[in-house]
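Chain IDs A, B, C and D follow the sequence of writing; residue 1 opens each chain.
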Amino acid sequence: MELGLVGLGKMGGNMRTRLRNAGHTVIGYDHNPEISDATSLADLVEKLPSPKVVWVMVPAGQITRDVIKELGDLLGEGDLVVDGGNSRWTDDQANAAMLAEKSIGFVDCGVSGGVWGLQNGYALMYGGSADDIAKVQPAFDALKPPANDNGQFGCVHAGKVGAGHFSKMVHNGIEYAIMQSYAEGWELLEKVELVDNVTEVFRSWREGTVIRSWLLDLMVNALDEDPGLSKIRGYAEDSGEGRWTVEAGIDNAVPTPAITAALYARFVSRQDDSPAMKAIAAMRNQFGGHAVTSAGG
Amino acid sequence: MELGLVGLGKMGGNMRTRLRNAGHTVIGYDHNPEISDATSLADLVEKLPSPKVVWVMVPAGQITRDVIKELGDLLGEGDLVVDGGNSRWTDDQANAAMLAEKSIGFVDCGVSGGVWGLQNGYALMYGGSADDIAKVQPAFDALKPPANDNGQFGCVHAGKVGAGHFSKMVHNGIEYAIMQSYAEGWELLEKVELVDNVTEVFRSWREGTVIRSWLLDLMVNALDEDPGLSKIRGYAEDSGEGRWTVEAGIDNAVPTPAITAALYARFVSRQDDSPAMKAIAAMRNQFGGHAVTSAGG
Amino acid sequence: MELGLVGLGKMGGNMRTRLRNAGHTVIGYDHNPEISDATSLADLVEKLPSPKVVWVMVPAGQITRDVIKELGDLLGEGDLVVDGGNSRWTDDQANAAMLAEKSIGFVDCGVSGGVWGLQNGYALMYGGSADDIAKVQPAFDALKPPANDNGQFGCVHAGKVGAGHFSKMVHNGIEYAIMQSYAEGWELLEKVELVDNVTEVFRSWREGTVIRSWLLDLMVNALDEDPGLSKIRGYAEDSGEGRWTVEAGIDNAVPTPAITAALYARFVSRQDDSPAMKAIAAMRNQFGGHAVTSAGG
Amino acid sequence: MELGLVGLGKMGGNMRTRLRNAGHTVIGYDHNPEISDATSLADLVEKLPSPKVVWVMVPAGQITRDVIKELGDLLGEGDLVVDGGNSRWTDDQANAAMLAEKSIGFVDCGVSGGVWGLQNGYALMYGGSADDIAKVQPAFDALKPPANDNGQFGCVHAGKVGAGHFSKMVHNGIEYAIMQSYAEGWELLEKVELVDNVTEVFRSWREGTVIRSWLLDLMVNALDEDPGLSKIRGYAEDSGEGRWTVEAGIDNAVPTPAITAALYARFVSRQDDSPAMKAIAAMRNQFGGHAVTSAGG
């Protein structure tokens, strides 16, 4: 099929390559002219045959909303926009409604795969009508991972518009908590100094244990490259999906204590000095005359 | 090699089979005479050639301590006791010291594998001296999983006595938190009713995603067998290792918020009515005249 | 002063009484005609002298938004609306902007006091312009608690529009966590059975300890009325502010683990059977053959 | 009465003063000869009339155990040891049993009051037999806070040996979580920058609100002395009771999520760089090529 692809960054660039490797024609657009196949969004749209399918792969939030709005002006009846970014699922219905006024279709698609996707395929969770999805299905088939011995995985029509990004959001929330799980275990093993070689213990878990996983494999890779993780700082950004997962939990009275713990640990990792702990220290000092450490100390 | 194996329950029984399949001679003892190869611990010890190696696979705690104490009376210089149960690592040094008085060796070995171990092999984490471990290495080699394309995993000499059970304990703490991670995501997806088929979303995650893992595979199995998990009650025991992991964290000032959240969720699952929430309801009523629900209601 | 008061429920009704006791003229409106002083909002507005001040004390959310919208149609330049309900602070700026189009002022006021406010006074946290606040200051003075030996407390101009409800929201978030703190301690003391009379221990804490507080006093009252809290069920609603506090924390990368723990404990208290724990039980069963409890059991 | 008092530090020294102010004879012993009334423990014991009552007020743990052991050698039938320190309740029964061999009585007494106790009295929670407690009751009466309008509080016979320290431990666990509650609210108010003066909001809460408490008063004091807490670092020690409370919860399957959150926040406050967050950053980097911050950066 022919496909327009907006955003050729770390993810989009690799996806273009994988799609082309599968024999599809991809016209990519990026604000960086050196890697772009089109001079503008309008140029990209003009180059596509009808029905035009444009896959948006730009940073979530205002940038994605702006691109989709501009595409709404450029596309027409029967065309399709796919939002493959990490948009909040609550944006999807607004985008779909705006495009529907011009009879343009909309599919939201959560994409997982990181830097490994080019080689191994991307996991895809998408939402929208069956008709709209049919228009982009060849691209999904090219991007998804190959079937393994147990069957074909990594590709799901999750439900109506929004269901794809919602599923991807929950996926990322789970990812936060699983990463936190290994991280806590690693810190404890390192701290207690009973185990001679923590990396070897982690490596041993890669087979036969109930906690074997791809994240464990990645953790062992990281430990091999930087024993003791001495070169890395304990600082982690969060990309939105973790926050939204917890907020979706709260809105629906679903407790998510492990995911929340993982999110808060990231928040704390970015604080030079915790304001809350200043308050704790101050109260302790008022009550018990506990010595406090001065901010400059 | 020839090996005595005390405890032929769900784990021990399958381990005997796997050891025998590998060509080893196993003399098993169990309080159930129908499955036992010896009439008593003394009988089992008598039947073994020297140096005698006895693997203890009975419930952790007093039972394990009692069996090891009795073996200390029955065995002699150069013999070896392996504790393969889920003992707390703090028991190991006491057991080793007691046995050392008679020059009996001791190895602690955490074993993971569940009902899958017979077929796939057991992950082994062990602690002790190199000399002691050498005496039981053939059994370790028979029990461990086969090498896969990436190498040989599932078997590690973690350090001195106690390091094996400590590693297994942390493994289980991580397991608690990973299970909780998937469980929170599943509850949220089911509750929000945006996704048509939550099982299919989970299934799709088995390839290409960063959260693919064996536990995810097991969760999909469970959802296939009992869609919506309608036949199962939200009730989970804890087996000790989760508690010990959190306590080890506390003793070493290592925060384990995700593992702790998983542990507390299990505690709550076993309460018919939460005493703490009675107190909350009572205070709210005192302050705001909020209606309370009577205990009988 | 003369004041219109919309909503004469548990809170509004008592506030009318306290305002009248202080010599103010209050025209109350409620959908229940038996307690209402006006037949309609329009009637209430008509009966007030200019500049008209109308205090809205109805359930937060759509009802409050609707009442304020209707007041926007009925009031005019120089009049003032006070929202004394538990509205989310994000509603305040929208309401203020809508009213400002007709030069009607707006003050948001968080009110704390529960059933005790009539007698002891209400704590007030308000936001808005100094001019607007001056119009309602006599009512604030009547409602607030009397000065005590340490000074005048219970009344604060927190900042611009929204600052009042935001302060009240954080207040309630703190309240959730403090209630949870006592509740956890109470459950532990009751469970361990080392203490002969837990109520007496709680009572003793009312003086000399660092945890003495009004909530502790209320907890002792509750324990006196219902020893062991045997008549009450461990079930607690949440009223919105706890959720909003946690969400505000997340939006601002401020970790609130204790407040969040309190909120989640309330969520769990309202679940008959935890879906997440069904998933845990299912995974354990798949892995280890752990017996599960059937949903009907 | 006549009383021996071992340990004249911040707490013990003030308690000696308060006891003497009430007319009691106190012979104090401290390793600092400048403030000591006796030259040794033996000298102190010799100076007391029979039945001798010795109150131990030294750091919990080995020091307390050593002092009590030495007193066991010096005292005799009918004498009494009171442990007023922050000992773990599990120590109490061992100490009582050791002393009972020589018919020496034992009372454990949790003491709260901080630097305010000298003036306001100390809250006392004690465990032991009625006969033993009678021997020290005059000292309890002198130390406890005076009755207030609502009655006599701050003094409770909690149960048998250990019940005093257990009650005090839970008290401190609750204290941890209440401090954390205010601290989280304060951080959120400061961060959002909607409120003009956070100190004034906290001050206003001192009357009329459901969260008024002594800790709130202390927090306001601290904010008055150091606006914005700019001079203090977000660093808090923990003194044992918080850990023991959580561990007692775990041992008894009582979830204490808010207290645990408070404890873990203290742990984190003492880490320069979080090992767990290094692991998170490393895994993110392996998966997604997320930039990491180098340890030196």
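Heads up, the rule we're going with is that a contact is a pair of C-beta atoms (placed from the backbone, for glycine too) under 8 Å apart; a residue touches a chain by one contact, two chains touch by 3 or more.
Bear in mind the structure is a predicted one, so any value in this text is a computation, not a measurement.
Asker: If every chain is reduced to the average of its C-alpha atoms, which one ends up farthest from subunit A?
Answerer: Ranked by distance of C-alpha centres from subunit A, the top chain is D.
Asker: For copies subunit B and subunit D, work out whether under half or over half of the interface numbers are shared, and give different or same accordingly.
Answerer: Copies use mostly the same positions to touch.
Asker: I'd like the Å distance between the centres of subunit B and subunit C, where a centre is the mean of that chain's Cα atoms.
Answerer: Taking the mean C-alpha position of each chain, the two centres sit 46 Å apart.
Asker: Using CA atom averages as chain centres, what separation in Å is found between subunit B and subunit D?
Answerer: Using C-alpha averages as centres, the distance is 37 Å.
Asker: Quick one: report the Å distance separating subunit A from subunit B, using the average Cα coordinate of each chain.
Answerer: Subunit A and subunit B have C-alpha centres separated by 33 Å.
Asker: Which positions in subunit B touch two or more other chains at once?
Answerer: 114, 180, 182, 184, 187, 191, 210, 215, 218, 254-257, 260-261, 264-265, 268, 276, 287
Asker: Quick check: in the complex, which residue numbers of subunit B touch subunit A?
Answerer: Interface residues on subunit B, with respect to subunit A: 89, 112-114, 117, 120-125, 144-145, 148, 150, 153-160, 162-163, 166-167, 170-171, 173-175, 177-178, 180-182, 184-185, 187-189, 191-192, 194-197, 200-201, 203-218, 245, 248-249, 252, 254-262, 264-265.
Asker: Inside the complex, what are the residues of subunit B that reach subunit D?
Answerer: Subunit B residues touching subunit D: 210, 238, 243, 246-247, 250-251, 253-257, 260-261, 263-264, 267-268, 270, 276, 287.
Asker: Spell out the part of subunit A that touches subunit D in their complex, as residue ranges.
Answerer: So the residues of subunit A in touch with subunit D come to 10, 114-116, 179-180, 182-184, 186-187, 190-191, 215, 218-219, 221-223, 226, 229-237, 257, 265-266, 268-269, 271, 273-290, 292-295, 297.
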